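Structure incoming, see below.
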């Protein structure tokens, strides 16, 4: 492991992270393949620096089919002028760029799930090489890290900003301050059970302030959900002191996912009929979805019941469901 | 053409459309292929008959990625008991069954778009054979035809029930009576410019009462949108006198798509940022969407403007868009 | 139709069907495609001619995953010497050559099922062009036509030679004489319900003697089943007077498939457990197969019952089955 | 390695292996992918426990295209009642469940060959995660392990039950006692040359009694071959004292594969003509198969000859063969 | 046929072919598909009109993997200013636009070979709809038609401009005047044996002056080959009187392909070793290529010999060859 | 690592590297897969040995779409007779044989780039197993190693032979002597920046004399380029004293790629128009290529400029280009 980390990242940036002003460029990752022997993956990046101050690292497209983050960040990258900034903003609107271009959660090159690929490897797959670059080059530059997520093509979420419960309570408190500043309609305290391989964990283990979001899903984004993302990122930069002005106050409902009972899984393939919509109050024991077998008519659907009471905060999105798919997530309102 | 129509359909039903009671069965369509030399497509069908009376033909899954219709019809097929019925109900929850199983708009077998395949051919592709069976066997049995649609994976619609402006004004009036009975939040008068190949046209040319819907989209269905479908089909059967009871009254907003200016098309590939959501009022000249080129940051998006004023009634769904995609549809409120 | 038939076949033979002696060559069919702008399909053909006499047209690989015919015919093509022949033998061991190379029932180029593509079209798909060449060039040259079939990858058959019940009883009697001469363990009288598009029909409508076989299946061939094919083709050539010597006598059991009740179809997907093997006696009402749903354990399988009594003469081959697949065929012993 | 083994398996069982009675459930393996962000693989499992006694672990579908095991085990799982059992029976009818659903030897997810994936990894591919779960959770629970195999889609075997020659002769003797109890028509002593990665080895290294089978092949199963599997598993459970009653005695022929000369490999692509069938006696030097080049007629086939004398116990199944394929295996009768 | 031709093309142009000045726009062809229910193919088009005068219709990308034409025409479309033009220039740089985007000879949508799809159909495949639009809308507007071709990914040509030998000798002479004006290094008189479905034929049958080219191949274009295309199109516009100035004189060698003996075809798959390069003089009987079987070393390659003497004017491009591929074309120098 | 290296390679050779005379055989690599449970990859190999003397190891097809090497080596393998040889010649014309059969740079089995897979692994992917066999079996046998490359389908090169600048100047000098002997039109001194995983490095680290080539590209080979390869390999064997006779003298131009400025990369997708051809002199600042966006006409292309002066020695080959592709390489003439 140690030896491998001495190896340089194969990625080279066409921007200079230390230079002042606005730079638009690429993280160039050589990628030899059948249709381009000497090809590269070109990940767009923008750096805006002005004077001394903290660094915010802003990312979307960690999963390639989640669009609020990329929309807010392509917009921000184009609009941000150096004079407005104190410190530095690094924007990568589409972190897993091959996945983003393909409109898929994972990379079409190596099926890599970026958020399970950290700390990455300089001599690994394309996804692992990108993770390694964030791990060893970009994260160390950052003070505050905002990573946008949504449900992607197969899940839909109530819009929330979130941070993790952390062993370092000072770090945790700072992160929740930023969640509050973000100002999404909902805010979430997350206790990650299996955090291995996550970008979140990589940032948190370096002591960075890390916040994330889930702002919708289904592989789309709406005027409203993109509006939440745009307002949120501006608020975060203000809260960090990088942008001038004060955070726009917004009401938020605090949610908690206390344990594994919040999840319900399908045990059958079929056509799903949800019986609650996002934001609805569900009681333990309620049928949250029916699954119709599609091979014949006249057969009773199987029923999936809630194991706890609360608000429906996430749901399976596509009209068809497969055995093993998570069909619903229930959260408890805590504030 | 005439000779071909003398040929029998290769489809055989395992139900007897003239028998009384409830029957669940299949439309069996022989389909020889590499993975089954003597295989068949088995399209589920339910027939409920009791005494004399009109026949309603109810279909979902004309496009395979639209789910409100199949959910309402698998449910109805399972619940309907003969005693409640006067006349006959024929239910095919998933008309283009191979497409429905695949979760795709068109058939994975032959890429057939069922709603452009009428009148079909008994010796054509699988999709054309199904169309031919509806054209020559099922439609002639029907008095009222309800065909459920939604936007599918790539479009999203305000929920409406609709009928066509027809040359026969008596037939047209009857159809709009059924639209009113259906009771969707919105109702639409449609003037089809190119109706060639549509199931709608096939039914209307036989003098049938034909109504259709668009009840959402994105390749999902919600508790709310399925609720509209379930209520609507019950109302239609009541309006037809097949089910007892009176139609549940519901408020609806009447919409009209007066001409081609209602559509806006993308001229570029990219990441789409919609600036209005479904149901929003749009003025002619407003930017309805921005398209960001995804190859680099720092570039201005192209802007798409509305050519007329009205309500946003349909929109491109996925977060990425391709040149030529319809990005928005505007309708005028007429009642 | 008439005009189209005036167009020449695009296929050119590198052999001269009128020349004497042994020729090995190709039917060359131009096929422009992405990976060869000026490419061709090269269908191997052998012609052996000596003096005057009848012409036998011998074909395998009508379906590309059936191997007894190709094995017997590649062997025969290599061994046949002109001196042994009186008349002419035309051998095409792999009629649907693209399917044969791919090991699939239908053509990988156009999904064409050769035996449903007659009379073909000179300007149609690759499969239709081959059919047209047989229809307009090869079949007219023939007196006796032997087309080898087996069950392919998805069916398995008792080994039989067969001919059709025909309106012309003289033609029919000649064909059954050749079936008897072939000498397979079983012999079958076939009454084709839907004969449209078949090579058989094309040949029979020209008044040719046409016989066919089913000699096994599963996408394999055994020493035994190839032995039946080799002996059969030699007997046929002797019976036709093309090869010297007398037909080797062989015992055969005559079978009949009297009506559609001989077929049983699956209505469910799953794991199939056959309860009879080929050649077993089955009584009407017997369970011939169970289908286990594979989504969970502990569930009863569906059962498929025989609709008539007789001998199991064909069966679904793969371990998994899909709704609509034919699972068993029962024949009656008639002699 | 050590650290990785401290990590918990991501698989959770919905059954309690220690509870008494019959339970049908799943091994749920989270599997995030493009078409289900929070999806899982759901591997069916049945546990039947009654009182104290030994544990039998019964598996099919180690390779996904081998059907005797799954058929016998889906049947057994449904029929077994707790009262009949003393001890515990754990049944996983389709070990490499994704492969089994796809009807392929290896997993369609990761191309994993389950029987070369042991000891697996909790953070590896889907196949490696399943292997790891058997390695660290299920195998330690077992006393007797029966793993069903057949030839799959590309090989065909004489039906035999087998165990390995082992360094621990007591363990080996026990295993051969179980082979004898199984009662297949043939029984085999196997000396594995390269046992790395095998489930067999994993079980044997823990000191378990491990037996396996080859019961046919070609991707099918017959009434007869499933009958052998059903009788065999019942006999094994009786021999272990888990089921009441005595083993049904059956005659078996003992075979041995003494060295690498038993295998013959193709050096050419082509159409294969086997010259012996399973069970036939072959002499060293005999041609066991001919391979016809399929590019043209009139060319001599290559010939493959036996390197030793014995019984043909396995053969290449498909009608086409590729250079490098094993075309035949010869065994010596030893009892 | 007549009735179908009354149907309007589904393609609508966003440019006005009668307006003066420079317009860049699209031919929009609605194309509903799984990933865009209301999608379109957007074929770029440029129209430059100034005053009265003849119309030149300039096309590239008839086959999607031929690049000299698109490069010259994207360049011309950008540079042409209305003042320089007398009459009208219509530029479609990528006629089979889906194929051009995919870099393939035929359309990835329907495998349509544009140059075998004329006259097309308004209700046919995407390729047939484009052909129909050229047939019924664009060709009637034109006086002179220049269609650029090259060898594509699988063939390589000596650079030539060409026209057909025509029944109307006045039309033919005009066309050859334009070939001379084009000024490619080589010029060719082509006698098309099977001209059915060609764009060439469609134009010629309307009495248009039609010229075409082959300017290289292999799926690439060089500075030199693009230079020939750019100079040629300028010369053609000058010769037509649309651009001011006189044709730049260039030397050319006139070639003829007198009969089918000019082609040589492979009868084997393998690795091709050409023994002559483009422009080399070949004598009848010379070995023009060797084909090595790739399955083993030590085997003699098959040899392909020239059937006539002349200059090697086209050759198979990829290093591997398949039976049926054209490996070489020989032309005779006639001037 | 150490333990893994104790494991034997799974590859077995059917030739004896120590035997005298000419042997043609295979490197057989067991490869179990869905379409052949007991299949193998059969890599052709020829060994010619006569008396004592040095060993030359000659390889082509390290990348599967480069053809000069395979053509020269299949030819040499067939022609070489033992009497002409003093010492030993080992010829593997297609090192990454699965890639060679597929005509792709990397292996279709595992996407393995052979030249980044060293030292390989005996228990790794198919490509890694082949690399391991060369690393541990073949390279140790060799004194001189010649590995043929060309540009493949996506690059085109001036024809050169090359060796690396090495720390051991004696080894380096020997290698450049062999480069001179090879006698290509150009010769190159290469300073590899990232040599990890290369076959070159593996050989050089063992102290072998290693030379390589780039002899063209585009996925084709010409009479001329194959001629260079044939002459070169004969010269190398003569220079090594393995073949009798003296090296044929040839003029060569020595080139150097002094630093990373020699490369130019695309930052946009589009249609590429090169403005220089191979061998042309380019000045720093010259536009070497234009990239036209293909979505619409009338837009200026992006321009790519040379960062240094020199000779164009390599270029992007396909007519379309993607962001990140290397579009040109410039070398300095040094002798």
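A, B, C, D, E and F label the chains in the order they appear, each numbered from 1.
We adopt the following convention: contacts are C-beta pairs under 8 Å (C-beta built on N, C-alpha and C of every residue); 3 or more make two chains touch, one makes a residue touch a chain.
Keep in mind the model is a prediction, meaning the values are calculated, not measured.
Asker: I need the common contact partners of chain A and chain E, sorted by label.
Answerer: Both-contact set = B, C, D, F.
Asker: By the touch criterion stated at the start, how many steps lie between chain B and chain D on the shortest route?
Answerer: Step count on the best path from chain B to chain D: 2.
Asker: What pair in B-F, B-E or C-D shares over half of its contact pairs, by residue number, with A-C?
Answerer: Within B-F, B-E or C-D, the interface duplicating A-C belongs to B-F.
Asker: Between chain A and chain F, tell me the centre distance in angstrom, where each centre is the average of that chain's C-alpha atoms.
Answerer: Going by mean C-alpha positions, chain A sits 43 Å from chain F.
Asker: How many Å are there between the centre of chain A and the centre of chain B, using C-alpha atoms for each centre?
Answerer: Going by mean C-alpha positions, chain A sits 35 Å from chain B.
Asker: Could you work out how far the Cα centre of chain C sits from that of chain F, in whole Å?
Answerer: Result: the chain centres lie 49 Å from each other.
Asker: Where in chain F do residues touch two or more other chains at once?
Answerer: Those would be 26, 42, 65, 267, 295-296, 318, 323.
Asker: Could you run through all the chain pairs that touch each other?
Answerer: Touch list across chains, by label: A-B, A-C, A-D, A-F, B-C, B-E, B-F, C-D, C-E, D-E, D-F, E-F.
Asker: Which residues of chain D touch chain F once you look at their complex with the stated criterion?
Answerer: Touch list, chain D to chain F: 63, 65, 104-106, 111, 113, 116, 151-155, 194, 196-197, 263, 265, 267, 318, 322-326.
Asker: For the complex, which residues does chain F have touching chain E?
Answerer: Against chain E, the touching part of chain F is residues 22, 24, 26, 42, 44-46, 65-67, 70-71, 74-75, 77-78, 91, 93-94, 100-101, 103, 156, 218-224, 226, 271, 273-277, 280, 292, 294-301, 317-320.
Asker: Name, in rising order, each residue of chain C that touches chain E in their complex.
Answerer: Answer in residue numbers: 7, 10, 26, 28-29, 31-42, 123.
Asker: List the residues on chain C that touch chain A in their complex, please.
Answerer: Residue positions touching the partner: 267-269, 295-296, 323.
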